[in-house]
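Pasting a structure here, questions to come.
Per-chain residue numbering starts at 1, and chain names A, B, C and D are given in the order in which the chains are listed.
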Amino acid sequence: MSLKVVIIGGGSSYTPEIIEGLIKRYETFPVSDVVLVDVDAGKEKLEIIGGLADRMIEKSGKPIRLSWTLDRKKALEGADFVSTQIRVGGLEAREKDERIPLRHGYVGQETNGAGGIFKAFRTIPVLLDIAKDVHDICPHAWIINFTNPAGIITEAVLKHSPHQKVIGVCNIPFNMRHSTAEILHVAPADVKIEFVGMNHFVFGKKVYVKGVDRTREVLHKLADEKLDYSPANIVSLGWSKTFIESIGLLPNPYHQYYFQTKKVLEKDVQAFQDNGTRAEVVQELEKSLFALYSNPDLAEKPKQLEERGGAFYSDVACSLMDSIYNDREDVQTVNTLNHGAIPDLPDDCVIEVNSVITKHGPRPIASGRLPRVICGIVSHMKAFEELVVQAGVTGDYSDAYAAMVMNPLVADEADSKVLLDELLEAHREFLPQFTSENLKRGVQS
Amino acid sequence: MSLKVVIIGGGSSYTPEIIEGLIKRYETFPVSDVVLVDVDAGKEKLEIIGGLADRMIEKSGKPIRLSWTLDRKKALEGADFVSTQIRVGGLEAREKDERIPLRHGYVGQETNGAGGIFKAFRTIPVLLDIAKDVHDICPHAWIINFTNPAGIITEAVLKHSPHQKVIGVCNIPFNMRHSTAEILHVAPADVKIEFVGMNHFVFGKKVYVKGVDRTREVLHKLADEKLDYSPANIVSLGWSKTFIESIGLLPNPYHQYYFQTKKVLEKDVQAFQDNGTRAEVVQELEKSLFALYSNPDLAEKPKQLEERGGAFYSDVACSLMDSIYNDREDVQTVNTLNHGAIPDLPDDCVIEVNSVITKHGPRPIASGRLPRVICGIVSHMKAFEELVVQAGVTGDYSDAYAAMVMNPLVADEADSKVLLDELLEAHREFLPQFTSENLKRGVQS
Amino acid sequence: MSLKVVIIGGGSSYTPEIIEGLIKRYETFPVSDVVLVDVDAGKEKLEIIGGLADRMIEKSGKPIRLSWTLDRKKALEGADFVSTQIRVGGLEAREKDERIPLRHGYVGQETNGAGGIFKAFRTIPVLLDIAKDVHDICPHAWIINFTNPAGIITEAVLKHSPHQKVIGVCNIPFNMRHSTAEILHVAPADVKIEFVGMNHFVFGKKVYVKGVDRTREVLHKLADEKLDYSPANIVSLGWSKTFIESIGLLPNPYHQYYFQTKKVLEKDVQAFQDNGTRAEVVQELEKSLFALYSNPDLAEKPKQLEERGGAFYSDVACSLMDSIYNDREDVQTVNTLNHGAIPDLPDDCVIEVNSVITKHGPRPIASGRLPRVICGIVSHMKAFEELVVQAGVTGDYSDAYAAMVMNPLVADEADSKVLLDELLEAHREFLPQFTSENLKRGVQS
Amino acid sequence: MSLKVVIIGGGSSYTPEIIEGLIKRYETFPVSDVVLVDVDAGKEKLEIIGGLADRMIEKSGKPIRLSWTLDRKKALEGADFVSTQIRVGGLEAREKDERIPLRHGYVGQETNGAGGIFKAFRTIPVLLDIAKDVHDICPHAWIINFTNPAGIITEAVLKHSPHQKVIGVCNIPFNMRHSTAEILHVAPADVKIEFVGMNHFVFGKKVYVKGVDRTREVLHKLADEKLDYSPANIVSLGWSKTFIESIGLLPNPYHQYYFQTKKVLEKDVQAFQDNGTRAEVVQELEKSLFALYSNPDLAEKPKQLEERGGAFYSDVACSLMDSIYNDREDVQTVNTLNHGAIPDLPDDCVIEVNSVITKHGPRPIASGRLPRVICGIVSHMKAFEELVVQAGVTGDYSDAYAAMVMNPLVADEADSKVLLDELLEAHREFLPQFTSENLKRGVQS
């Protein structure tokens, strides 16, 4: 019996992790075929990754057939799972998402603020295309999306594609569980966190260790010992006792952008002056990673990959595929339709939520009304995300401006226009929905 | 280490089932102490059950200490789980709940219509008392309530008791899963049903077998082959193809009272004329069960118990205790707070819902908006239940009348008063909240 | 300047009332053109009414141009207001709506139960056609619909027509205000009632006289003195003190069908045996009305019209047109989109609600959560109405069955099918949406 | 017959306007008694105002009895209306609300940001005291609150006082209507605006002139001609075409603080350097106003009052009293309970909304879901306001910090603490709810 996984964005530096994950889970998730897919521009990388993956599989002794191709439609034939881990426009585009806002005194970040909006604008049309192909070619396949901004992208597909079998994943909840385990000196598997919110804006509401509520202790330690759990790719400033104890919730590292904006900006501006944008840092990192990957003696995921920031992303994806395949009914944290799980948010929006994973998809666990203290900001962020999805689909200038000006990290009437116009211009080739007509209308107004 | 289970209503004929369940699960749920508690009037039965339970445990060889007592407070000391399976007023009261409405041409049933309302009215004060004791004496204990009407009683405790660790259970979802497995010739463990609604008014929205959606097939078979899955204690008329296919959901046997009212009434009236009320039938059944139980050679749950209608109730309760104790995170169907799982119903009401079972309680799985076809009737029933809880707590005549006249099985302005007054009079000794002042006000108006 | 009113169903016996209303309001609502429109089958009546209306206008001395026609499209040219007061299938159809359910032991009534469902099914396609014509020909015109079931029909247009300028009216709120004024011996203009609910299922929540809350007094008098305020066309049984005081709200006469079903049925069955259906009574009444109308000496609305049941319907419609035309911002009770006015009901459904009347339409006044006691039944009825709208548009057999079985006056699984099949057959010529294919599928299943 | 109005904060420079309003409306609102009440610290001003008011009334020839007193309880006896226009801590406190945030680079404004939070904290306990007195002494009286932040204060009373007859008013909607009339060259009375949102965060959704929708035209003119309609007391920067056309709504002047924060800050900092805080400017203005008022020849409201920023505030209050007294059922824009009028916001919060004014209070007009573009920010602001109300009542440090950090104009984790601690210290004497225990806990953490 065949079990086929297609990895779109197969030339990504993360791919060795997903290959490792598939090998590791072979007993319960006996994948027979893996196809790596990428676009023309990524051909070279794809081949390097293909070679490494081949060596990894061979070394493992598992009977997995591997291939790589630029022909996405062909690759999708008979697929059971399709993972999407793409970067439209590559690191060059990311570099612009970071640099342009920073230049105007705004957070320049891959998934937040003006940069995050444009990453979404570039990615939405491509993911909708992929979802359409999947729907036509392998309608039973699940798309596991870990392309950022993962929540927004997943919502765009769920709202605008006929293909409804899509789940978004992120490593932040995974990291928060692991860091909490470290803080408490317990095994990660014993830690459960009740998450509320959205991707990159998720809070931990309760921490249970073997079923016992230890939330207060974690909050206390987070505050007191200035512990934090930021991934490699973003700043790490720690949280004050006052903040932690007043909100009574575990923030995630991305919350620094919203509640420590000035300090983050300072640090990012400094880092930018020292090393260029994070994109440029990553470009260097990638270069050295691919140099490693090219080594014909390497047959495993190199340690250095963990510095990349997205560590465990693929591991999370593999766990999810395994649970779907085996109809496990275990609880994982994914991006899926709300359906009332957070009654304060629209039923049809995507949230990041603990869900029971079954063969027919994730079932979100209801957590009741949002904690009062975050109800406003979470509603705000969700509504903002909905504006991004809308603009990402219509390509309408006013919609895009609305998203920009309603983002709490931008908010300024005049600068919203400046950022919008500059980014539209900079990313023009990757924004087919923003037709020249729309652009012209926008620029003139 | 001790693990103590207190069974309130320990003299119930169902108790051998729960004892059997505890023995069966001993490896994973190593209960050290079981105390059976009952009231004065049940002393004789309590001793018979105590004896049988003793023999069952002895035969099993498990090191479980068993005792029985009329002193509830004493029994609760150090308890970890408290199961409640009581019948306030005994089968005599049930007999009135059935006979009085029937005499006026209305459904006379233990958990539905006028009878169900009064079973709630009698039980609510007693369960609130028990919950208070638990809160004072063993605040960490979970109450597993299978006293009917289980959903309403659980809601009364969650709304009006400081003790919030209470879960309601029922065997109907269990039975529906098992009957569906029979219909499909598959193992019950492979069948998952997505339930929506409330206790005794729950519908099956989707049927999955090993994760595959087989809902249409089950509906088809239910309709075509006139299969049904009523428990022993209620009528079984089958469902028409038109009904099943139009609503597109699995009804539960109690829905017959609402959608086949006339036929049910006819059959019940006939049965009444032939055998008296169901209460009287059960009284006979109980008599013979207790005769069996008294046999000093009997050391296991006798087969005949399954005719009693509540079969598997206790098994469901044991599974639940086991999952809480072990923080299993498995999915079980229980009565718990909505919290948005069904966004059409109030957040703070109790629904019967698939939930993830953890050491810190059940977490309901969100299922989104109710199917349109049942949205009205389910909202109606839930609002009715809320009126029952309200009246059961206040003892206010108007509240009680409101509950009666808003019950779809009664609805009549004049007969509501007749039924209310007659039942208030008949059950007077078990309705302390309906003070004579309230009663007088009611009767005069 | 022209101000044109088109009366669709102009041959109705109610038309003289609307003509009288227009004459009476001429100073503030200076209508220049009135066109009466009817269908072929109503040609004779149309001419009689046309003649009478002509004489009424002539006598009034107002410069109103009157004409009548069978050409609806032509009539609509340049219209400002379009009133719709039609009866698809005529009184013959109504007679079936009443007789068929009665024969099976169910309420047979024009706007409730099985009969009401079929009146909706016959009317929805015709009103959608009219709305389409209005949208194409006179898009600025307001449709004032007093075709029953007025709430359901209005909702069907608002949900399924591009023409959104439609308002439903009914005389029940008007009558309730006037009867309340009589009960309190005050002027009707001084009485305000806060209404909650839907057309023919509306309750009075508060009664204010000159701004002073006199609700308790009205409830007391209603209960004590057995006063009621039923219109001519439906039974009048009065309400018990217990009912009135327990719900604490003013019921409307149609609530008798729901809370006094047995008595209503008895009375209706008796009336049926004595006089035939209400439709047949009305047919006689109409015959004599038209005999009066034909009298060339008659130049005013005859007193006898008030026996017809719909008295003041047209007066309510004229008031509404006047307030729209003059942008009065006064408060009237109409059927319009909820928009949150009753937060328990869907935003996009139609409710009967006090609204501020402006040139751009009615703006419903928010009344907050429904009184707890009626929350269930009102939600039920609204959901039922939504099923009727759905089935009335799709012509789907399952949808129609769902509406029937979820109507609280039917509810029975088997009889729902019997009633549905018989009524579908009886009204076949007026149900184009229920194609023979649907019917066949329905009958066989 | 007596009709008594008590003006709390009677020594305010605005009082002459309210006196003028009462004189002007005497025919329809025949006030017999006016009592001006103030606190010790305001005694001198109270006497000046009392003298002027006396001369105004005398000149008018209306038989209105006027008195002034420091004894609030005495003054309330027999009151029908109580207007509240107080400034706890006086302009000295306001000066701190403006200066302290400005010094840290944040907006320093009376009703927004950190300053607005503290104005609320100082005012809530006093208004709750007043409401308690009213409830005890003259329970039928309506409180017309125009003490800022008017929406938050009104919500605090409605949520935490037994006295529910309270309405908040503001001149912003009045000004927006008048400015819009100017823009369109029409009479203000012909302009209706559909408002959505909260006090000082209200948007105009639709503009109707004599019932005709002219929203697009107003938006166009606002954008094109750089028109705006800021009151005297806040900056006026105008809005860009892009902003106005993208949101498609009329912003109010206070929105500049949120969408033009940087420019506002620059301007405010400049103004501060030039003239000191607005509070200081106003202090000067007040000084010269009171010099004018003291002139024994002055017997009317001087023109100069309009420069004060709150112009028309009192006029709005007088209109409201008149409509309540006469049960007018006209539409006015007030701060009252939501009740579903904006379904996206909690039912029990206060919104600024067009309402039908009756003798029994305002009835908000439902406007349906918020426009998508502002849904997030409005939800955010409302949730923030709820945190302010909570903290203003509990005096809890964490609650206060939560309000500060969740205010979009502050947001910064560290600076929130700095601002909070400094403002708590600065206003200590007017914050009885923030006990020293709370403060200590706060400062230490």
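Criterion: a contact is a pair of C-beta atoms (placed from the backbone, for glycine too) under 8 Å apart; a residue touches a chain by one contact, two chains touch by 3 or more.
These numbers come from a predicted model, not from an experiment.
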Original post:
In the chain contact graph, what is the shortest path length, in steps, from chain A to chain C?
Top reply: 2
Original post:
chain A to chain B: how many Å between their CA centres?
Top reply: 45
Original post:
Roughly how far is chain B from chain D, going centre to centre by Cα mean, in whole Å?
Top reply: 55
**OP:** Could you list the positions in chain D whose residues touch two or more of the other chains?
**Re:** none
Original post:
What are all the chain pairs that meet the touch criterion?
Top reply: A-B, A-D, B-C, C-D
Original post:
Okay, in this complex, where on chain C does chain B touch?
Top reply: 239-243, 245-248, 258-263, 372-377, 379-384, 386-387, 390, 397-399, 401-402, 405-406, 408, 411-417, 442, 445
Original post:
For chain B, which residues are in contact with chain A within the complex?
Top reply: 192, 194, 206, 208, 210-213, 327, 329-331, 337-343, 347, 354, 356, 358-360, 363-369
